[in-house]
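Given below, in the form of structure tokens, are the structures.
First chain A sits with chain B, and in the next complex the same chain sits with chain C.
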Partner chain A sequence: MFEFLLNPVYQGWLIQGLLLTVEITLFGVLIGLGLGTLLAIGDIYGKKPLKAAIALYVEIFRGSPLFVQLFLAVYTVPAILNIQIDHGVLAFLVFGLNSAGYQKGYMKGAMETILDDQMQAGQSVGMSKVQTLRHVILPQAYRIVIPSWTNEFCSLTKSTATLAFVGFLDLVGAGRSILINNMQILPVWIVVGLIYLAWITGFSKIMDIIYEKKKIPGIELFMQS
Partner chain B sequence: MADFVMEAKHVYKTYGYKKTKLEKNPNQQNCVNAASIVEAVKDVSIKIKKGDIKLIFGPSGSGKSTFLRCMAMLEIPDKGEIYLGDECLTKPGVDLNKARARIGFVFQHIYLFRHLTALGNVELALRQVLKLPKEEARKRALAALAEVKVLDCINKYPSQMSGGQAQRVGIARAIARNPDIILLDEPTSALDPELTGEVIDTLRDLAREGTTMLIVSHEMPFAREVADEMIFYDEGTIVETGPPSLFFNAPNTDRAKKFMTRIINRTTKE
Partner chain C sequence: MDVWQQLIFIVEGVPLTLSISILSFLIGIALGLPLAFIRVYEKEVGFIVDAYEKIFRGIPEIVLLLLFYFGLGPFFPIPFGNAFFVAAFVLGLRSGANQSQIYRGAIRGVGDEQILAGTSIGLSKWRSIWHIMIPQVLNFSTPGLGSEYALLIKDSAYVYVIGLAELMTRAIQLKSIPPGDVVTPFVIAAALYVALTFPIAFWLDRWGNKRKKKLGL
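Take a look at the complex of A and B:
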């Protein structure tokens, strides 16, 4: 039933698909974290027009399907602007921008639980708001946000399946290509599913360990209050 | 050279006043709900010389803490002036971060940086604000921690310390920069009674060294011992000032008299 796994060509497709999925997820989550942090700061400290722009951004990227965003970015936008951009770059970008829409919320939530007293403490020793953000608020917020971030990672990894529909050979793309050749629907999707499962479980476990190691001592007590 | 380390002139701070709304619609008086306005600081002036120890006390909710936070410009007064030496901090365009670097502040609820150890808490401003090199910052942080006698928990995080230890680290964080003055906002009132002693001992040491301090506190025996001047604060303003002997014997105002009686009764009962 699973003898297709011995075929070196299929093996190559699956490995290539996994690599693309991994790359694009990690990249997307990281862009999302950076941009999400900036959006969160903008939303907390910005003036009304900036807040409104950020809210609009979040609603667009959270409210529409990733597949539609990807399709527009890869086919429509370059055509309208009449420019040629590498599809890979566009796909990376869409995943980053999309993830930022979600991660802004996680970061804002984490920052708001600590902002009040820690900002005062930072300013009381002569640090500026920016310095306090950098040395006090963000280091704490990042540690608090790790579990939400792990969730975002899991969800984004599975969203990469949409890549197959705009012509990339991600894991689902690899599965489809194998299917076309061998017609073994169930075994192929079981294998693809297991690869996702293994990668996500492994990565989440690593993140759990990092969370426990980096956790601010006593933060549970604080978050309850 | 200014005569005073710090000075407040006719400072006002009000909460719940919807200024913007009123300015936009001056005719809509009902925008402001009178009950929601809290006049925490009403025309408060104070002068502090080098080496002074002044103690502000009064009923809770009277605005003492707000006034202290205005002194540190952690809250911006609505009206009035705050001077740090010669520099007027309430003028627009003043670098408040620089000014705050010269003021130590100790919070009622301690507010240590939760992700840093005791040592990290004290070091951070030395590195980031005074821009000291690593070794120098460490040396000064350790000296400050030694001064408040918490060298045994320099590697502990805030949640791993007792309240008394944490507050002493808070004091170390405030004094490590050698500020011109230290403002302390009820430094013992959030602590278990058996832990207040160690913090008071630390403050007593600072007093002995001639540290300039403005303290909001109800630790009366301590006040009697170290304060140069006591300030009775009620309903957003200074009601009466004088040496501890005045308050412990015969305050001039009824309000101060009543308050002293209540607080002394409470202390002796304990």
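Take a look at the complex of A and C:
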């Protein structure tokens, strides 16, 4: 049933697919983390128009499926601007922008749990607002946000399965290519599913360990109160 | 086709999008609530719930749809030969895994010692769960349920891969009709999705917070 796994060509496709999936997810969550942090800061400290713009951004990216956004990025945007852009770049961008929409919420939540008192404390010892943010609040916020970040990583990885439908050779794309030559539908999708499962479970486990190691001592008590 | 015809063609997919999402939401409640209570109160079998959640959090919906519809469909035409059933089944099971976590958080928020109070006045464990915990848990989890509903609307776009003619599938169909308009169909689809997700999630969040205040949770 699973003999196709022994074929080196198919192995190559699966590995290539996994690499693309991993690459695009990691870039996506990292772009999302950077942009999401900026959006969260803007939402907390910004003036009304900035807040409204951020709310609109979040609503657009969280309100529609990444699947639609991917089609918009790959087909619609180049057609409107009438330029040729590499599909890969567009895909990286749309995953990052989408993830930023979600991560803004997580970062804002994390920052708000530590914000008020420590902002005052920082300023009372002579640091500026930006310095307090940079040296006091963000380092703690990043430690608090790790579990939500892991969730975001899982859901973004799952969304990368859409890439196959705009012509990329990701894991699902590899599965489809194998199926063209080999009609064993069930085993191929089982294998593809298990690869995703192994990667997502493994990565979340690592992130859980990092969270435990890096977490602020006594944070559970604080979060409960 | 002009814009108006395209809009009508895509809007005709909205009932299917909604029925898939709502049906899988209900399946998710039916699975998620008991699983959350089993996870909290029956520690010995909790690992089964954990495994179920891990599997559905770790495998993309698209792969599951392809697996059940094209992989199992030929062997078990009833029920997996039916695309609508497969869609509701896969998204429902996925939602059950998510909702179980939402309810688990809510059980903790409501305070699981209320079960003790229930049993102390002579209710059985499961009766006190049914009469005391569930009404409060549902109220407590409305914000989470709002975003779960939005997630299901968005996930329903994946059923394109098994060929159900909902919103997303119709937009892609329009793209393949010559001359191949790649702008309007996707803009319309994105706008419709935002319109479907935003108001209800927003309203549920509002309503939930009000109820919570009223009940003093």
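We adopt the following convention: the second predicted complex is superposed on the first by the 225 of 225 C-alpha atoms of A that agree within 3 Å, B and C clash if a C-alpha of one lies under 4 Å from a C-alpha of the other, contacts with A are read in each partner's own complex, and residues count from 1 in each chain.
Please note the rule applied: a contact is a pair of C-beta atoms (placed from the backbone, for glycine too) under 8 Å apart; a residue touches a chain by one contact, two chains touch by 3 or more.
Remember, it's a predicted structure, so these values are computed and weren't measured experimentally.
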Chain B versus chain C as contact partner of A:Thr162, first or second or both or neither: second
Which of chain B and chain C A:Gln118 touches, first, second, both or neither: first
Larger contact residue set on chain A - chain B or chain C: C
First, second, both or neither for A:Leu197, with chain B first and chain C second: second
First (chain B), second (chain C), both or neither touched by A:Gly12: neither
Partner chain in contact with A:Gly34 - chain B first, chain C second, else both or neither: neither
Chain A-facing residues of chain B, complex: 72, 74, 97-98, 100-103, 105, 107, 109, 111-115, 124-125, 128-129, 157-160, 173-174, 177
Residues of chain A touching chain C in the complex: 59-60, 62-69, 71-72, 75-76, 79-80, 154, 157-162, 164-165, 171-172, 175, 185-186, 188-190, 192-193, 196-197, 200-201
Contacting residues of chain C [partner chain A, same complex]: 54-55, 57-64, 66-67, 70-72, 74-75, 150, 154-155, 157-158, 160-161, 168, 171-172, 175, 182-183, 186-187, 189-191, 193-194, 197-198
Of chain A, residues touching chain B in the complex: 114, 117-118, 120-128, 131, 135-136, 139-140, 143, 216-219, 221-222
